[in-house]
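The data blocks that follow each hold one structure.
Here chain A shows up in two complexes: once beside chain B, once beside chain C.
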Partner chain A sequence: MMARFGAIVSSLWRRAGGRFSLVVLGLWVLVSLVSLVWTPQPLWRTDGYDVWAAPSAEHWLGTDGTGADIVSWLMAGSRTDLLIVILTVLFAGALGLLLIAAMTARNSVLANTSVVAVDALISVPTILIALILAVPLGASVAVIVVACGFGYGLNLARVARPQALLVARSAYVESAVSNGASGVRVLFGHIVPNILPVLLVQLSLSAGTAVLAESGLTYLGVGVPSGTPSWGHSLATTVRFITVYPLTVLWPGLVVTVVVVALNLFGDALRDAVDPVGNPALRRVAVEETEA
Partner chain B sequence: MSDTNGAHGDAGATAASTDASLNARVKTPHRRPWGWIVLAAVAAVAIVVGVVVGVTRSGGDRAAGASDTVTIGLKLAPTNLDIRNQSGSALDQILIGNVYEGLVARDENNQVVPALASSWEESADGLTYTFHLNENMTFSNGDVLDAEDVVWSIRDLVDNQYHDASSLANFESIAATDANTVELRLSAPNSNLLWALTGRCGLVLDRDADYDAQTEAVGSGPYLVSDFRANDSITLTANPDYWGGHQAKTPTVVVRYFADDNAAVNALASGDVQVLAPISDSLADQFRENEERYTVKAGDGTDKYVLAFNSAGEHTADIRIRQAIRCAINHDEIIASRGGTDAALGGPIPSLDPGYEDLTDVYPYDLDRARALMAEAGYSQDNPLTLRLEYANTYGTELGDQLRSQLREIGIDLDVEVVEFSTWLQDVYTNRDYDLSLVDHNESHDFYQWADPDYYYNYDSPEVQDLYARALAATDDAERDALLARAARIVSQDAAADWLFNYRVTSAWDNGVEGFPVNLNQTQLPLWDVTYTA
Partner chain C sequence: MRFIVRRLALFVVALLAISVVVFAALRVLPGDMASVMAGLNSPPERVEQLREQLGLNRPLAVQYLDWLGALLRGDFGTSMLTGRSISGQVAQRASVTFPLIVMGLAIAMALGIPLGCAAALARGRRARGAFQLAAVIGGAIPALWGGLLLILLFGRGVGLIGVLPSQGFPADGWDAPGEALVSLTLPALAVGVIVGASLMRYTRSALGELASSGYVEMAMSCGMTRTQAVLRVGLRLATPQLVSVVGLTFAEMITGVMVIENLFALPGLGTGLVTDVGNRDLIAVQSELFMLAAFFLLIGLAVDLAHRALDPRLKTAAGEGGR
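Right, the complex of A and B next:
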């Protein structure tokens, strides 16, 4: 298993996109961890006499409209966004797999209803779901996670369905079922491994879109609540002044862009790296494992 | 660029009509009378086209003389024009003094000045006001405006309890003693009456006019509403038959509403509007730096950013906590972060209202004192008190962030919730479920809030209530002002709230614009004196 993992990572590293995304995502996790114990300036500190300051030794990227340090807020924001991305991907993945299981079920009523239900629900805009959720929940991380997880989960299920269906109706699954394999066993033992490349690409796209959604929803006032650092918060509080202080908008914008690009490239690179056809190292490991 | 592609629509139209009128003129001597009708119709079309072309061009590069049109950018748009029923200061701002006029008006220092009434007397007991009206007044539709219209307007307002009727406290009756004299009687003195009459309740409307109040307005003012587009724009044209001294200096004033600050600033920079009020202070620098083209000025106003303390709250009922918060807030720093145009305010009465006193020394910024007060109440930075600050998202997140930062220094953990206005209305205003809240109370003469124990502040001071009642009953302005000042000082000393600052509206205009009011221009915006020379 470790050998497999090593083969995948080294394959990722050999690809330019993979290397870029590994570096960015690694930094992201590292900065998030560091921000828990240290930021260049205390997060809550504001200074009304030093608002919209230009970058300096004290404030590496300057200050915002309350005199708060932009670097510190971006660093602290990275952990909020990381949390949102992880929760959203988990939620979307779980929902997606559940729907795939339903859509490939042997019970044709369940399968057909779930296909129709997914097609109908996928037409509801994510942003509308978020706005509706914000009514009872107010501005909160849960709004982003549930709205995005719901939307991306549906999308994931629909994209992965054809391939999942091929597997589910294949001869080896038929024989596994006739040997008494349970539905859960079929799903995780046969379907998931076969659609893994699609799953990984879709989930990494979801992760990137979740970062964008966090910015957008926070700007609309239904995302991350005020006082919680996030990249969307940094954007929302500075974007009104883009004509006067464009630099303060540039930094969070740049962070969001770089991370979203990295997540998208990561998905592509990972799909190639986990696919034995595209990754000879993985084939070698597989051969060694069967021989051992 | 070719002229044949039809892009220059107005040039083509002018040429066509010129040809047509020439043809018509050639034919007239030989034709029967209906030819004259054709000629007249064609001439009318030519004139209309000419006027339209002239008007659309006049905004541009007329070398000398005042422009026919001034375009003004404002922020809050009225949804309809029904000044009797629709609330919101956007209506007062655009209609009072421009389209409608009241018995009396207010000047740029918030003082009562003559309008439809040229003078008035108040009886010694403060119960009878006699107004002497100007003579030969007319509404814009030609109807005569006399004492009967005044009496009808105010009776109608009171009978139907239209918007703002409540500010005519103690109203008993109104009657015309002759065509130009009106007598208003009160059941008890109301020292606020004259000022109240400068607002909606003093307006005089034409009882005989037949119009849709939602989209039209017929008044006696210097301007007519010629076009109204809800939430977008209002076009005012000069009333050619205006009776009084405020004759409009500019024939057409177009008011455009910009909800988005950046769009507003772009409109001023590109010359789409010549005036912008308000302009967000942080966005005004580009105009401040360009002194040759623009003037940027902040005007005094009555906007009070009130950090309300729930006087019946679990923790904020303790006066030591409230005092500590007042001492811990660095008002100068907050004002500096906003660009330094706002004024410090230590109590509930702003400088343009009666009873104003500088109360900024009641609780000066003093962290040691604040910490000592918190320690007395049992809290410190190591053992912080958590308080919730809930306010509407229209005020932005910055103030909450700053307050959290400042109060942290004295051991208060501020949990800031920025919510939709409707949520705020429900939680704070209606249910009083809050510790701290932040509101811009922009009304003038609104001290009644502190004398009403049922207001959302939960502030109940019999002494303040008594002083305010006596101030209302005062028959002499100096006495009223002194009583209000005493009451305001008590409210401030009780730390019933903290007044973060007195917001001053910044306006910016092209240097060719003259006569634009700077003070109080978000509540009433008289435009008759405004001119623009390109």
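Right, the complex of A and C next:
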């Protein structure tokens, strides 16, 4: 297992896009962890005499309209966005797998109903779901996670369905079932390993979209509640003052763009890295493991 | 024919499903609709009065059928806040949003499709890499930030080349067409650049697949150059797929432009819906959510039918003998 992981990472590292994304994502996780124990300035130390300060040794990127330190808020925001992305991907992955299981089920009523349901619901956009949820829940991280996870889960199921169906109707699954394999065993033993490249790529693209959705939904007032640091929050709070202090708005947007680029490139690089055909090192490891 | 009937049946079923989802979503509120609409700390009598007025004391099934019946008659209810009919309110907002989307989509197509073709035709590693990077970065810019950067560039009174208005929509609406058009230019540009990046990716991948297919090789062996073959044969073959993508993009943009509408202070559908959610005008929210969802389903239907009309291969593939 470790050897496989090593083969995948070294293949990622060999591509420029993969290397860039590994560095950015690594930094993201590192900064999120560091921000839990240390930020350049305490988050809530605001100074009424020091609003819209220019960058200085004390405030690396200056301060915003409340005198809060921009770097510190961006650092703290990275952990909120990381949490949102992880939860969204888990939610989307779980829902996607559930739907794939239903769509490839032997029970044709279940399979047909789920295909129709996915086709019907997939055209409802994420923001609309978020607004429906925001009515009872108000602005919260849960709105982003559920709305995005729901939409991306449906998308995942639709994209992975043809391949999953191919596996589910294959002779080896047929033989596994006649040997008494349960539905769960077929799903995790046969279907998931075969559609893993598609799943990983889709989920990493979804992660990028989730970061973008966070900034949009937070700006619209249905995402991260005010007072909780997040990149969208940093962006939204500086928006109203662009006419006066345009520079402060550059940083949060730049952070979001770089991270989303990294997540998208990560997906592309991962597609090649986890594919045994495209990654000879992985193939070698897999063969060795089977022989051992 | 059978395909069309089945697709229409799916549309009707999906429409009913959506109406149930929207109806249910607003009924599972903690407390109930009346107490949410009345707001925190309102006296119980006020909540009870509202409940009576909205007919919330009746069984859920009756309430649902009542709402559905009204929808079928084209009666979308009246806004609790403004007292105006919701359909009128929506029509007025749509007169801002739809022109914005059409302008944005036109800009996106003008940018994305030629760039996508160029990306598919690019030969050198450098050129390919540059196109790919442009597409990835274009798709990673948050709409809010992209809009802000454009304001900082072109916004009147703010930007480096401050020539275009960046806030609001003329009060006369389309009675002052010049002004209205100018006020939509900058937001349409912001939308166009972001959507253009995604259209570019679709065009590149659709053409890229075809460029290595037998069709293009055949055309080249008949004497076309690679560029001619990809643009004349490949683009024609990719058209049905691109029409689908543009159609679905059009539908997605209705909510996709919400952030841009807010940023540029345009009184469109998105801004309106967000305001209604914020004001807890749930009757309006319920009808508006349904109308938007119905619109998405309708576009999905139109796209599927157009796709089929444009791509005759699908008919024979389905084994219906070309009818």
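Convention: the second predicted complex is superposed on the first by the 292 of 292 C-alpha atoms of A that agree within 3 Å, B and C clash if a C-alpha of one lies under 4 Å from a C-alpha of the other, contacts with A are read in each partner's own complex, and residues count from 1 in each chain.
Keep this in mind: a contact is a pair of C-beta atoms (placed from the backbone, for glycine too) under 8 Å apart; a residue touches a chain by one contact, two chains touch by 3 or more.
Computed from a prediction, not measured in an experiment: that's the story for all the values here.
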item: Partner chain in contact with A:Asn264 - chain B first, chain C second, else both or neither; value: second
item: Contacts of A:Gly96 with chain B and chain C, given as first, second, both or neither; value: neither
item: Contacts of A:Gly138 with chain B and chain C, given as first, second, both or neither; value: first
item: Contacts of A:Ile242 with chain B and chain C, given as first, second, both or neither; value: both
item: Chain B versus chain C as contact partner of A:Thr66, first or second or both or neither; value: first
item: Which superposed partner A:Pro225 touches (first chain B, second chain C, both, neither); value: first
item: Touching partner for A:Gly208 - first (chain B), second (chain C), both, neither; value: second
item: Greater chain A contact set [chain C / chain B]; value: C
item: First (chain B), second (chain C), both or neither touched by A:Gly149; value: neither
item: Overlapping contact positions on chain A, where the chain C interface meets the chain B interface; value: 221, 236, 242-243
item: Parts of chain B lying in touch with chain A, wherever the complex brings them together; value: 261-262, 265-266, 280, 282-283, 285-286, 330, 332-338, 393, 396-398, 400-402, 404-406, 408, 415-420, 423
item: Chain A residues touching chain B - in the complex, by the definition given at the top; value: 44-49, 51-52, 65-68, 138-139, 221, 225-227, 233, 236-237, 240-245
item: In the complex, chain C residues that touch chain A; value: 10, 13-14, 17-18, 21-22, 25-26, 28-30, 36, 136-137, 139-145, 148-149, 151-152, 157-158, 248, 251-252, 254-256, 258-259, 262-263, 270, 273-274, 277-278, 280, 282, 285, 289, 292-293, 296-297, 299-300
item: For the chain A and chain C complex, residues of the former touching the latter; value: 116-117, 119-121, 123-128, 131-136, 208, 212, 215-216, 219-222, 232, 235-236, 239, 242-243, 246, 249, 252-253, 256-258, 260-261, 264-265
